[in-house]
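What follows is a pair of complexes built around chain A, which joins chain B in one and chain C in the other.
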Partner chain A sequence: MSNKTIRKIIIILFSIIMMIVAGREFLIRLNQREPIVKGPGVTTIAKLSDYFEDIKGTIGDTDVYIMDGDEEGGTVLIISGGHPNEISGVLTNVLFIENANIIKGRVLLIPFANNSGFTAGHPGEAYPMRYTINTEWGSRWFRFGDRWTNPLHQWPDPEVYVHYPSGQSLSGFDIRNLNRCFPGRENGTLTEKVAFAITQLIKKEKVDMTIDLHEAEPMYPVINTIVAHQRAMDIAVFAEMNLSAYEGIRIGKELSPENLHGLTHRELGDYTDTFALLAETCNPIQDPCRGRTDENLLLTGKDDFILKAGKLGLLFVPFDENGSPVDERVGRHTSTVLELINSFSELYPDKEIIISNVPRYSEVIEKGVGHYLLEPEGNL
Partner chain B sequence: MITFIYYLFCAYIVALLIWNYVEENNIYNEILYAFVLMPFLLRVFRIN
Partner chain C sequence: MFTQTSIILGIIVIVFFLALQVFKMSPELSMIISAFVGALVAGFGLPIRHIVEGTFTYLDIILTIIAATLFMNILEDSKAISYIVRSIVTNFYKQRLILLILLMLVLLLPGALTGAGSVSVLISGGIVATVLYSMGIPLVNVTAIVFIGAALSVVTPPVNIYAMIISGGVNMPYIGFFAPLLIPILILAIFTAIFLGWKGKPLELNEILGKLPPVPPKMYGFKAYFPFIVLIGLMVTTRIFPHTFPILGIPLIFIISSIAALIVVWLNGQKINILLISKNTLKQLFPLISTLVAVGIFVQILTLTGVRGLLVVTVLSLPIWLVYVGLAFALPIGEAILLYGVAAVLGVPLIFLFNNSLGLDPILATVGISLICPLGDALPPTRIIGRLTVETLNYEGSYTSFLKKCAIPWIVITVAGICLIIFSNSLKFLLI
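This part shows the complex of A and B:
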């Protein structure tokens, strides 16, 4: 064998080893699933494809946790993971799934709404693949994904995304943004089909109120707020007053713009009978002016650059050396969801929903999110 | 359909890179071809 041939074999072997190392990490990201414990209140785990068969067997299919109460009442749907890089909504849903007892009514939960987005990070953003929450018995890990559907599952993007059915023009990549695709399209892209499936679920299960959980960067004006469809504004107003009066949570309320299409708080309210609401907390890892992007920033929300931006008056939320820790963000969401449900129940007593055993803001801050996570069986 | 054509195109580039790698005599170009090959192969395998 000549020297040239030996050299070529060595170079290509080295290249293959590097490809295996990188490919292994990509494969883990594509296939990993965090364990979720079926809490005492969960009666059924359905699939989103049960409501729209076209997504069966695709990455768009995702679990729907159904919690039936002892007494009949209203039905609420809590969606998170529509944007997989907004983690406090996912953790809030997991706290509900693993802890809540439903006394009256029904609660449906979709923790990983855009399942495809959880299999990718955003190119160039240095997103960590996963994050870990410490508990008294060990730790739990969760996927940290991209805001958009993985381009491996939906490609290519158009130059301009024309929203169906409004005809509104949006950025091309937003065709992979689940919260720009509602009410969805039966024969559309994967993301449109997922949105369509959620809309079908709301219709078939006769969901009275839908709460979509999100996070926003501190430099974005729609933050620490509730966005409500015009039919749901009363619910948001009551919730805001109670959150402020009883828990000291400063939260805004905003009317869903009638001409901004594709979002849950607009389209689900327009195309179904549900009261559509969306809640936002502050997630510094999404901010373009952030510094080092790692798990620590994701969980503590501490960042010197954002702190500086705050001192320059560039932020839309109060921000100090304590950052925006995940316990605070999840606590805001649990209290907001509980208060929206309470407000709905007061306004519509014939459809009352009563939930117990879900921690509120002060409890989550005092004990931490990890305190409320159950220990899964088997290997993590 | 467009996705299928895209993957065919990727596979074609992989074939070209391998052919060039085999034919190349310059070590620096060999290393270049071997490294450029990686992302295209991963894409053909639908890993990234």
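This part shows the complex of A and C:
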């Protein structure tokens, strides 16, 4: 046997071993789900397919947690995981699911809106597959996914994605971006169907206000802010004032651009009666000038290169040596959601929603997200 | 973090050059090995999942290139390209300027559809060179024309891999590139053809037709163009009816167009071995595919270890005059070493600098960068397209004489690329 043949055999064997090892990890990511504890306030766990049967049995189907209050009031929907690499929204929803007590009104929560995106990584970005939050009793793990629907579930992309119904042209891969597919299309792609199902849920459940939780990189201008549909702007204004006055949270407010289509804050406001809002925090692991890409960066948000970019005046958020830790990001989201609900309740008292037992910004920072995560039963 | 990451970068660079120069490995293997070592010294051990994930970074581009090259190879075997060149020569052999322009377009076409300059050289380089040589153009000039044409074909729309990689890296849609790429490329390609090919002798029609490959008697008119009509028709239809026409994807569109080309072959009564063409296509593309796979792994590890961030933040900190001057050297040299990897390693941070810091138009800046990069395909250590051109055209002069002949078009293209970046905000009219 020649040296060349031996070298080829070694390379092939090495490649096969790598494929098996990596394939096992990809398979785990494809199938494993993090445990979510049904908190005392959860009345029902429905499925998104209950609102649009076409996605039943597909990866697009996802859990909808319904929390009914003791008294009748308004209905709020909190969406997270539309972009599965933006973790503070997911953790905020989990805190609500596992802790909230609804006194008046209804709260619906979709923690993993783009369920397919949680099963994929983004080649080239070197993201971790999962992250762990420490608690007093142990730790809880969560999946870290991709911004887009897994190509295994929706492929190929067109050269240009033409949004329905506006006809706006977007990059081809954005046809797998849930937050570019609203209000959705009944006979569209998987992602468009998921968007359609969420729109149907809002209509059928008569959701008064929808809050979509996101994160952005420090070099992106729409960050640490609330984006509001024009009908929901007064809610955002009141919430911003209260967050600043009572909790010292600096947060911006922006009007949803009328010509930027496919996003929740534009399309859900246009195509349903809901007040559509979106909140952003700062997630350094999404930034292109980030340093070492690992779970530590994801959770601490500390990064010297981003700090340097800040000194060069390239960031849209204040950023110092303390970084942007996950506790702070989740705290911002819990307070923002609670304050949006309070503002809505003040403006529309006949549809008042009252929630208790959800930690606010200072409490989450003081005790950490882990303090509010319940211990799941069984094997983790 | 700066010191630690700089050390990791230094080790990656040293290992890369050791593998390339001392152990005489290919740039692709050198990239993969330096990525392995980089991950190891950064404390990630052997991050198998990241390595495998990185190989998928450019999967869509690879599939497009394979399908498009298969399409072009079937066209070549069916003699459709020969027919098109013979038609051009027959109709315009007395009009040197038009002939030069049309031959340059034939040279640009395969690379434009596949994103690979080697495909341009292999499919139309030889036949175009035959005509150019018969026009009395010295072989060194012909070789330079074919190389510059092939280099420009790499960035000619619709498939510009540099722009695709940069767009993906900065989260920018690969939309709106067609006109801003096509207009300067056509001007530069025509300039090159005229500059290097204007002097010569009139073409003798019978002599040149005797030299060109014969075409089957039934290959004429509409049939020769039918596969292109199917290709453009499908691309346009998917755009016009996005919500009713199924999403085919570019690779499948090329496969369907290949079937259309096979139908033409069948109608002409020709016999071609599709299995052999497919095998040869993959053989032909193996270096390019392996480059894209290696670059994917390399970028994933650079990102994992923080080296990508270091490069981005370093570029963002440089004095701007240095960046502009450096483009002329760094991009071709980067291309010669990293091949398409230059788009990810240098192109992405440059676009952040030009767009985020300086407020320049990101599309035109990307066009400018991508224009300069493929010139490096004539430079050592890889000189892939340069070497291929010289070998395909049997140019027996020194490699330096060939490079010297490329010098003026090279400088003009570089200056044009830099101007497209610097004056991008004034050139927005190109964004049709």
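Rule of thumb we're sticking to: the second predicted complex is superposed on the first by the 362 of 380 C-alpha atoms of A that agree within 3 Å, B and C clash if a C-alpha of one lies under 4 Å from a C-alpha of the other, contacts with A are read in each partner's own complex, and residues count from 1 in each chain.
Simple rule for what comes next: contacts are C-beta pairs under 8 Å (C-beta built on N, C-alpha and C of every residue); 3 or more make two chains touch, one makes a residue touch a chain.
Keep in mind that what you see is a predicted model, and the values were worked out from it rather than measured.
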{"item": "Contacts of A:Ile12 with chain B and chain C, given as first, second, both or neither", "value": "first"}
{"item": "Contacts of A:Arg185 with chain B and chain C, given as first, second, both or neither", "value": "second"}
{"item": "First, second, both or neither for A:Gly121, with chain B first and chain C second", "value": "second"}
{"item": "Touched partner set for A:Pro288, first chain B, second chain C, both or neither", "value": "second"}
{"item": "First (chain B), second (chain C), both or neither touched by A:Ile354", "value": "neither"}
{"item": "Chain A residues touched by each partner, larger count belonging to chain B or chain C", "value": "C"}
{"item": "Which superposed partner A:Pro156 touches (first chain B, second chain C, both, neither)", "value": "both"}
{"item": "Which of chain B and chain C A:Lys4 touches, first, second, both or neither", "value": "first"}
{"item": "Partner chain in contact with A:Lys308 - chain B first, chain C second, else both or neither", "value": "second"}
{"item": "Partner chain in contact with A:Ser171 - chain B first, chain C second, else both or neither", "value": "second"}
{"item": "Chain C-contacting residues of chain A that also contact chain B", "value": "18-19, 22-23, 26, 155-156"}
{"item": "Contacting residues of chain A [partner chain C, same complex]", "value": "18-19, 21-23, 25-26, 121, 123-126, 129, 155-162, 164, 169-172, 174-175, 185, 188-189, 219, 287-294, 303-305, 308-309, 312, 314"}
{"item": "Residues on chain A engaged by chain B in the complex (per definition of touch)", "value": "4, 7-8, 11-12, 14-15, 18-19, 22-23, 26-27, 30, 152, 155-156"}
{"item": "Chain A contact footprint on chain B (complex, rising order)", "value": "2-3, 6, 21-22, 25, 27, 30-31, 34-35, 37-38, 41-42, 45-48"}
{"item": "Interface residues, chain C side, partner chain A - complex", "value": "1-2, 5, 42, 48-57, 59-60, 158, 167-170, 172-175, 235, 238-239, 242-243, 247-252, 296, 299-301, 303-306, 308-310, 312-313, 316-317, 344, 348-349, 352, 356-357"}
